[in-house]
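After this come two complexes, each holding subunit A, first together with subunit B and then together with subunit C.
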Partner chain A sequence: MADSTLTLESEIRLRLAGRAGFEHGPGPHDLTVRLAHATDVPAAVAELGAAGLTLAMLVATDEEATAERDLKVRYIFEPGVGTTLPRPDTFVTLVAALDPAHPQLPSIAANVPAANWHEREAQDLFGIVFTDHPEPNSLVLHDGWPRGLYPLRKRFDARQRPVVEPAEEFPHLRVEGEGVLEVPVGPIHAGIIEPGHFRFSTVGERILHLDPRLFYTHRGLEKRVEGLTAGDAFYVVERICGVCSVAHGLGFCEATEQIAGVEVPSRARAIRTLALELERLYNHVGDLGNIAAGASYHYGTSAGARMKEALQQLNERLTGNRFLRGLVTPGGVRLDLTSELVQSIEGVLAATAEGLENLMNRIENAPSVLDRLDTTGILARQDAINLGVTGVAARASGVDRDARRDHPHAAYADAAGPRVAVVTETDGDVHARLTLRVAEARESLRLIRALLSGLPSGALCAAVPGVLPPWGIGLRAIESPRGAAVHWLRADGAGRIDRYHLRSASYANWPAVPLAAQTAIIPDFPLVNKSFELCYSCTDR
Partner chain B sequence: MKVAAHIAVALAQAGLLVLLGPLVTGFVQKLKARLQCRQGADLWQPYRDLWKLLRKGTVQSDTASPFFQVVPVLALAATVVSATMMPVLWAPTDIVPVPLGDAILLLALLALARFVTAIGAFDAGGAFGGMGASREMTVGLLVEPALMMVVFSIAVVGGTTDLGDIAARRSTLAALSWQAPDLLALFALLVLIPAEAGRIPVDNPDTHLELTMLHEGMLLEHSGPGLACLALATHTRQLIVINLVAALFLPVGMAHGMSPVELAVALAAFAAKTLVLATFLGVVESSYAKLRFFRVPQFLGLGLLCAFLSLALRIL
Partner chain C sequence: MLLAMLRSLRTGVVTIRYPAQSTQPPVRFRGEPQITTGKAFTALPPASVCPAGAISGGSGEPRYAIDLARCVFCGRCAEHALDGAIAMGREFELARRQRVGLVVEVECDAAGLTTARPSAPEGEQVAERIRRILGHSLQLRHLDSGSCNACDWELTALLNPVYDVRRLGIDVVASPRHADGVLVTGPVTRNLETAVRRTYEAVPEPRVVIAVGACAASGGIVGRSYASAGGVGEVLPVDVLIPGCPPRPEAIIFGLLLAVGRLRERRSRAP
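The block that comes next holds the complex of A and B.
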C-alpha cells in the first residue's frame, strides 16, 4: 500500500475518532467509515473535505429486508484536486444508517454543491428526506408521479404502471423584472437529439438564468438489473448509453471482477484499454464537428463527421458494432486482435491524425471561428471544483483530474502499460474545451499506438463465477470520453445484483452547464452545450 | 412601346425569377456540399421540397390568429410583386410609360415581406418565432437603409430610380465609367447580400438549432403549403437580391429590343452573373463561421458606412 494512502487513512481516522467505525473496503486501498449517528453526516463530511477529499457520488440502498433492517446512504469520496500528485488511488465510503420508517438526513448540499443532485435523486427514488436542502424540488421523477411511491425501494414492484396524478408545471426559479422573458426549449427539439427541457430567463439576448430539466429518458435501468446475474446485467449496463458503451460496460465488469476476485489476463487488459481509447477518440473527433456545427462553421462540421464515421466503421470491423459493443465481457474480452485488424486500425489512425491536424489548422487560422469560441461559456475553476465537474469540462477549467491516472486500471495500471499524460487548459471557455479535446485525441492516438506495439500475448478471458460472493461490493471509476464514471455494485445474499448505481460523467457535469451558459447569449447556448457534449441517457438511466 | 407589352415583360421576368429561385438555392447547396467534400443533394432538391410541402397538411398553433394563415401568401405576394420591378433580361432604352421598375418600391416590398413574416412569427406565440423575428428586424434595420443608399448612389447619376432605366443607361457605359462611389457601393452590397439572403455570416439557413435561428426561427410554426410559400419567397428573395447587384453594377448583355439573338445573349448573361454571385454566397458560407449575434451590427455597419460614403461622394 502506498505511503500517501496510509497518511490519508491515518488522518481520516484521527479526524473522525470516536464518531465512527473504520474498516478496509471495498477495494484493498479503500476505506469504509461507518458513522454511529446519521446526524453527524455534515460534520463528518466537513472533516473529510478538510482532509482533501472530494465527493464522487452518493449511493442509497434499501436494506430493510436484511438483518440490519435499515436504509443506508453511502457518501463516496476520492482524493480531491488539492491533494499532491500522484494522488493515492483510494475511495473513502462514509456510511450513514437511517430508520426506514422515517428516513431523514441533514443535507450537505449547501456546503457541498456536488451533492445537490445526488440528494434529490435519493429523495425521489428512496423517499429519503434531506433536511434543509437548498433546492428540494424533484429531479428524476417528473410532474404527476404519485407521491409516496419510491421506485428504488425493494417493495416497489417495477412491473406496475402507476396512475399519473394531476400536477403543476415544472417547478423552476422564476426571474422577475422589467423585460425578463422566459424561453422554454425542448424536450422536443428541431434536430434529432436526446430530450431535455431548458427554461431560460432572458433579457434581450442575455441569459440571466437557466433551469434544465432532464431525466426524460429515465428507464429505471438500476431497478431493472436488480435480481439479475452479473452476466445478464452486463448487457443492460453496456446499453445505458450509446457513446460510452465501452466505458460503462468495462466499469461494470471491473466492479464484478473486484467482487469475485478475478484477475483479468494482461492481453485482455490491453485490448480493453485500446477499446476505451478508441471510444474516446471517436467521441472527441465527433465533438469537434459538433462544436463547429454550434458555431455554424460548415467545413468543420463535415470534417468532424467524416472522421468520426471512419472511426465508427473501424469499430464495426473490430467488433461488428459501431459502438464497440460486445467486445468487453466480465472476466476479459470476447474478441482478439488479429494482425489484419491491427493493420486496419493503424491505417485509420494515420488518416485520423492527418485529418485532425488539418481541421485544427483551419480552425486556428479562421478568425471568424475563433471569435465564436473565445470567452464563450466560461466555467470558473472554483465552480468546477465545487460541483465536482469531471473530464474535459474540468480539465479545460484547470482542474487536473483524470481517472486513468488517479484510479489506474486495466493497462493503465500495468507496469509495462502506457502512461497517460494529463493535459489541462486554464481559460474554461469553449475554445479551451475544443483545444483540450484535440490534445486528448492526440494522446489517445499515441496510447493506441503504444498499446498496439506492446500487445501482450496470452488468454483473452478469465472465468467469472455465475454467482457472485454474497454481499460483496465493487467500486470502480472509469474515465469515459466525457469524464470519470463511477460504478457502485453490490451482490445480494444469492450472489445476484442487489444494487447497482452509476454516476456518469454527464451526471456530474450537467449542473455546470447553466453556470457556463450565464456568461453567454442565447444564440451561443447551443455552442456552449456542445462544448460540454453531455449525454442524457447515461444521466437519466 | 405599349403599356400592355411592358406589363407582359415585367410579369415574364418576375416569373423567371420565381421559377429559377429554387435552382439558385440548389446550386448554392450543391456548391457548399462539394466544398465540404460531400456529394450533396442534386440541384433540383429545393423543387422537390416545395412539391412535398405543397402536398402536406397544415398544423397550426392554438394561439395563432386567422392572420397567421394569410402570412405566407402575403409574404410570397410581396416578394413576387417586387420581382416585377427587376430588370432581368430586358432593359428598355425608351421612356417607360408606366412606373413598373421603381427601386424604392422594390425595396419597400421586400421590407414588407420581412415585416409580415415577423408579425406572423409573433402571432403564433412560440418563443423561437418571437426571438427569430426580433433578430430579423434588428438585421433589417441595418440592411434596409444601407440598400436604399446604395440604390440612391447609383440613381443620382441617371436621375432616375427606375431600375430598368438605370440598367439601360449603365450598360452602354459598362465598367469603363466606374468611379470610387461605384466601388464603395458594390462593396457595401456584397457585405449586405448574405444578410438579405439569410446566409452566413449573418444567418445560417441549414441549422436545426432553434436558439440560433434568425429567418428560420420565423418559419418554425409554419407547415405544409404555407411553409412552401415562405420557402419559395425566400428562394425568390435571394435571386432578386443577386439580380439587384447585377442590374446596378453589371448590366451588360441585357436585351433592349425583342430579337431572339438579343434575348439569348441576355439569358446567357443573366445565367453567368447569377452563377458568379451565387458562387460568391456559397464560398462565403463555406469559409466563415456565423458571426456572434452582437457582432452582426458591426459587420453590417461596415456595409452601411460604405453605402453612406458612396452616396456622400456622389452628391458632393
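The block that comes next holds the complex of A and C.
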C-alpha cells in the first residue's frame, strides 16, 4: 500500500474517531467507514471533504431481508483534484444505516452539489427522504408514478406495471421579467438524438436559464440484473450504452473479478485496454464530426463521419460487432488478435492519424468555424470541481483527473503496462473540448500502437465461478470515452446479483451543461451540447 | 474551398453499392444463429443459456426455437452447443414483416435428431402493398423510445457518405408531420410511452412503423418491466421488424427497402 494511502487513511480515522467503525474494503486499498448515527452524515461528509476527498456517487441498498434489516446509503468518495499526484488509488465508503419503516437522512446537496441527483434518485427508487434537499422533485420516475411505490425496494415486483398517466407539467424554475420567453424543447427532437426535455428561459437569443429533464430512457436495468448470475447480467450491462459498451462491460467484469478474487491473464488485460482505446478513438473522432455539424461545417461533418465509419468497420472485423460488443467477458476476453487483424488495425490507425491532422488543420484555419467554437459554452473550473465533472468536460476546464491514472484498470494497472499522458486545457469552451479530444485521440493512437508492439502471450481468459462469494462487494472505476464511470456491485447470499449501480460519466456531467449554456445563445445550444457529448441512456439506465 | 474540392476528388467515391451489390460481413461477424439439422437434439444448449430469453423449448419438449426478434447476437448459444448444433451464421438480411417470420424452429424427430419445421412464409406481397401505398420514396421520422443509442448511431451512419441512404430515396426528416412513418429504436420506456403515441399520431396516414433492433422488435435484453413496455408492438402496430443488437447499417437498409417493397425491384436492376 502506498504511503499516501496510509496517510490519508490515518487522517480519516483521526477525523471521524468515536463516530464510526473502520474496516478495509471493498478493494485492498479502500476504506469503509460505518457511521454510528445516520444524522452524522453531513458532519462526516464535511470531514472527508476537509481531508481532500470528493464525492463520486451514492449507492442505496435495500437490506431489509438480511440479518441487518435496514436500508443503507453508501457515500463513495475518492481523492479530489487538490490531492498531489500521483493520487492514491483508493475509494472511501461512508455507510449510513436507515430504519426501513422511516428511511430518512439529512441532505448534503446544498453543500455538495454533486449529491443532488443521487439523493433524488434514491428518493424515487427507494423512498428515502433527504430532509432539506434544495430541490426535492422527482428525477427518475415521471408522470403519474404512484406514490409510495419504490421500484428498487426488494418487495417491489419488477413485472408490476402501474398505468401510465397523461404527462403533467414538470416543476421547473420560472424566470420572470420583461421579454423573458420560455422555450420548451423535446423530449423527442428533430434529428437522430436521444430523448430529453429542455426548458430554456431566454431574452432574445441569449439563454438565461436552462432546466433539463432527463431519465426518459430509464429502462430499469439495475432492477433487471438483480437475481441474475454475473455471467448473465454482463450482457445487460454491456448494453446499458451503445458507445460505451466496452467501458461499461469492463467495469462490471472488473467488479465481478474483484469479488471472486480472479486474476485476469495479462494478454487479456492488454486486449481489453486495446478495446478501451479503440472505443475512445471512434467516439472522439466521431465527436469531431458532430461538433463540426453543430457549427454547420459540413466538410468536417462528412470527414468525421467517414473516419468514424472506418473505425467501426474495424471494430466489426475485430469483434464481430461495430460497437465492440462480444469481446470482453468476465475473466478475460473471448477473442484473440491475429497477425492479420493487427495489420488491419495498423492500416486504419495510419489513415485515422492522417485524416485527424488534416481535419484539425482545416478547422484551425477556418475563422468562420473558430468564431462559433471560441468562448461558446464555457464551463468554469470551479464549477466543474464542485459538480464532480469528469472526463473530457473536466479536463477541458483545467481539472486534471483521469481514471486510467487515478484508478488504474485493465493493463494500466500492470507494472509493465502503458502509461497515459493526461492532457488538459484551460479555456473550458467548445473549442477547448474539441482540441482536447484531438489530443486524446492522438494519445489513444500512441497507446494502441504501444499495446500492439508489446502484446504479452498467454491465456485469454481465467475461470470465474458461476456463483460469486456471498455478499461480496466490487467497486471499480473505468475511464470511458466520456470520463470515469464508477461501478458498484454486490452478490446476494446465493452468489447472484443483489445490487448493481452504475454512475456513468454522463450522469456526473449533465448538471454542468445548463451552466455552460448560460454563456451561449439558443442557436448554439446544439453545439454546446455536442461538445459535451453526454449520453442519455447511461445516465437514465 | 478549392483545396476542399481537390481533396474530395482525391478521395473518390466512398459510397457502397448495397443493395445493388451484395456485401459480405467480416468473418467474425455474428449474424443469425443457425440450428444445424440432423444433429442430436440433446446437443442443443438449454434455453437458460440465452441472456435475452430468445430461446424456448428443449429439455423435455420436442421442439426448440430461437426468436430472432429477441436475439442480441451474443453467440453464447453457439458456444454452449455440442457438436456444432448451433452456429453463428453471417446472414444479416433478417428484417421481416411479422414476428412469426423471425422464429427459427426445429423439432426432434423419431431418431432424436433435429429436423427443420416448415418456416412461416414471409410476405413480400405485403411489402408490395406498402409500396403501392407510399410510392417510391420513404421519409421517416426517428423516434427513440429508450434505446441504448447504438441503434440511433447506426441510423446516423445511414446518412454518412458510405451508406448514404438518400441515394435510395430514403431520408430522415425533422417533423413527424413530414414523414411517411417512424423508425423506432428502444423498448418503449414508461417515461416515453406518451411521447411515442403522440409522435405516431402526428404522422399522416397511411404510415408505417419500423422497429429497429432487438429492443424495439421485442423488448430485447431489457424485456418487459415497471420501466419498459417490452417492444414497440405493445404500443403501436408494427410493419417491419429489423433484428440486431444493433442491426448493422446494411441490415437496416434491407429492412427499409422491405418496408417500401422495393428490394426485389432494386435487385433485378443490378448489373
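One rule holds for everything that comes next: the second predicted complex is superposed on the first by the 536 of 541 C-alpha atoms of A that agree within 3 Å, B and C clash if a C-alpha of one lies under 4 Å from a C-alpha of the other, contacts with A are read in each partner's own complex, and residues count from 1 in each chain.
Here, a residue touches a chain if its C-beta (ideal position, glycine included) is under 8 Å from a C-beta of that chain, and two chains touch if they have at least 3 such contacts.
The model shown is predicted, which means the values in this text are computed figures rather than measured ones.
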Quiz item: Between subunit B (first) and subunit C (second), which, if any, makes contact with A:V185: first, second, both or neither?
Solution: first
Quiz item: Is A:S296 in contact with subunit B, with subunit C, with both, or with neither (first, second, both, neither)?
Solution: first
Quiz item: Which holds for A:L221: it touches subunit B only (first), subunit C only (second), both, or neither?
Solution: second
Practice problem: In the overlay, answer first, second, both or neither for which of subunit B and subunit C A:R159 touches. | Solution: second
Quiz item: More residues of subunit A in touch with subunit C or with subunit B?
Solution: C
Exercise. Have a look at where A:S537 lands relative to subunit B and subunit C in the superposition and call it first, second, both or neither.
Key: second
Self-check item: First, second, both or neither for A:A101, with subunit B first and subunit C second
Solution: neither
Quiz item: Of the partners subunit B and subunit C, which touch A:A416 in the superposed model: first, second, both, neither?
Solution: neither
Quiz item: Does the superposition put A:R306 against subunit B (first), subunit C (second), both, or neither?
Solution: both
Quiz item: Which residues of subunit A are in contact with subunit B in one complex and with subunit C in the other?
Solution: 190-191, 299, 302, 306
Quiz item: What part of subunit A is in contact with subunit B in the complex they form?
Solution: 181-185, 189-191, 205, 292-299, 301-303, 306, 366, 368-369, 371-372, 376, 521-526
Quiz item: Which residues, counting only subunit A, touch subunit C once they are in their complex?
Solution: 141-143, 145, 151, 156, 158-162, 164, 166-167, 187-188, 190-195, 215-221, 223-224, 232, 234-236, 239-243, 245, 299, 302, 305-306, 308-309, 312, 316-323, 325-326, 335, 358, 362, 535-538, 540
Quiz item: In their complex, what parts of subunit C are in touch with subunit A?
Solution: 4, 7, 14, 25-30, 51-52, 72-76, 88, 142-144, 146-157, 159-162, 172, 174-175, 186-187, 189-195, 199, 220-228, 245-246, 248
Quiz prompt | Residues of subunit B touching subunit A in the complex | solution = 32, 35-38, 127, 131, 135, 200-201, 204, 206-212, 220, 285-295
